[in-house]
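What follows is a group of structures, each given as structure tokens.
Two complexes, one shared chain (chain A), two partners (chain B, chain C).
Moving on to the complex of A and B:
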């Protein structure tokens, strides 16, 4: 019978923010806190539906900062700017399903701090466009 | 009152590398291990490349312009594992894109990544570059 541990919170003993977890291969270990995504947000900036956040985690606000440009602000900040956000753009219009879409962070020197960043969505051959965007971010929390 | 478990390491009983946790909605379950990113890196890819921050990364290699390889400290279990990437603060206006394993097969020990202009023209080193690896550990 599988054992079930019921608990509301986990904390390391040696260091509160570091818990080792045995990997899938049952031999090596990984770090629980390092492996967790620290931010997640899915939002719509296009006119093809209600604008704003669809869903998020550790995001305090989304602001429309211009065509294809958004400012995402975190609830709990990262420890440094060496965190790793990755994202993708999703076309709302069915007729444009084959176009190429890129998500840039702090494009051209925009905001990129421990508490917030700018996101720009580009459509190839067009430029910055409002769109649906999904982003996750890994790194160390403050 | 919320309970707090203080522990330095977690291990499954039935299988050491498989711990099930209940979802945010309280209805489904998922594997704790499968949900964890297994590596990430933030690095300066210009000049002499250097790592800003990383997790489970042993080496970073500069292969050519905007072409880099990373090696893991603890390998992943399958060659074809997801690696996502981005670059920050680029002033490029030529729609810079990201390619994983451009002409170089993925391996359990690491991957090669390449940043290219969408129109296929020459590309430049980027700073910073971010990569995140998911998948099972070996």
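Moving on to the complex of A and C:
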């Protein structure tokens, strides 16, 4: 019979923010907190629909900062700038779905701090373009 | 009343297997590294043992292996500015259960350096 533990919050004993869980192959453990995404956001910057956030987690705000450029601000900050956001984007318009489209982060330029980052969506051969964008980010919270 | 469970390690009922996170999956590794220096440098990471510098390509190596080579690495690049021509795209490929190869390139399809962001999802060995 499967056992289900129902609880509202988990904390480590040795360190409150560190709990190990057994991996799928039963041969190793992995850190639960390290594996959890700390931010998630999907938004639309294009004119093909309502602009703004579709859905999010640990995001305070999204701001349109120019063509294809957005500023995403977090609710709970990261501990340092060594976190790892990844994302993808596509055109809202059906005729321009995804052609050499990518999302990149201005680490080393623009805003890339523990509390916010600039993200740009780009289409090869066209330049920065407004898109629908999805982003997740892993890293250590402050 | 809110319930809080304080524990260091969670395993299944038998004590040897994984527990299910209901309708959720956690990443097994993530990394942020800069390939601009002559020796690529890790800025932050989880379950990453090292980088392998292959000149135009840089691989990151996992401390704990994945169960097979069909896991899902995802990545994005970061350039020094927010505007073209500093844009960076990042390609990733599973090389083995412990290694993911990456190559950063510009919109002109030229190999480039910059900040590499990657996350790995799948099953551990």
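What we mean here is this: the second predicted complex is superposed on the first by the 139 of 142 C-alpha atoms of A that agree within 3 Å, B and C clash if a C-alpha of one lies under 4 Å from a C-alpha of the other, contacts with A are read in each partner's own complex, and residues count from 1 in each chain.
Rule of thumb we're sticking to: a residue touches a chain if its C-beta (ideal position, glycine included) is under 8 Å from a C-beta of that chain, and two chains touch if they have at least 3 such contacts.
Note that the structure is predicted; figures quoted are calculated from it, not measured.
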item: Overlay on chain A: chain C relative to chain B, clash or fit; value: clash
item: First (chain B), second (chain C), both or neither touched by A:69; value: second
item: Contacts of A:19 with chain B and chain C, given as first, second, both or neither; value: both
item: Contacts of A:36 with chain B and chain C, given as first, second, both or neither; value: both
item: Partner chain(s) touched by A:140 [first = chain B, second = chain C, both, neither]; value: both
item: Touching partner for A:5 - first (chain B), second (chain C), both, neither; value: both
item: Touching partner for A:107 - first (chain B), second (chain C), both, neither; value: both
item: First (chain B), second (chain C), both or neither touched by A:128; value: second
item: Common interface residues of chain A - those touching chain B in one complex and chain C in the other; value: 2-3, 5-14, 18-32, 34-37, 80, 82-87, 100, 102-110, 112, 122, 124, 136, 138-140
item: Partner chain A, residues of chain B touching it in the complex; value: 2-20, 31-38, 40-42, 52-53, 55-56, 74, 77, 84-91, 95-97, 118, 128, 130-132, 136-138
item: Chain A residues touching chain C - in the complex, by the definition given at the top; value: 2-3, 5-14, 18-32, 34-37, 69, 80-88, 100, 102-110, 112, 118, 120, 122, 124-125, 127-128, 136, 138-140
item: Touching residues (chain side chain A, partner chain B) in the complex; value: 2-3, 5-14, 18-32, 34-37, 80, 82-87, 100, 102-110, 112, 117, 122, 124, 136, 138-140
item: Chain C to chain A touching residues, read off their complex; value: 2-13, 16-19, 26-28, 30-32, 34, 36, 42-47, 64, 67, 74-84, 86-89, 107, 114-115, 117-119, 123-125
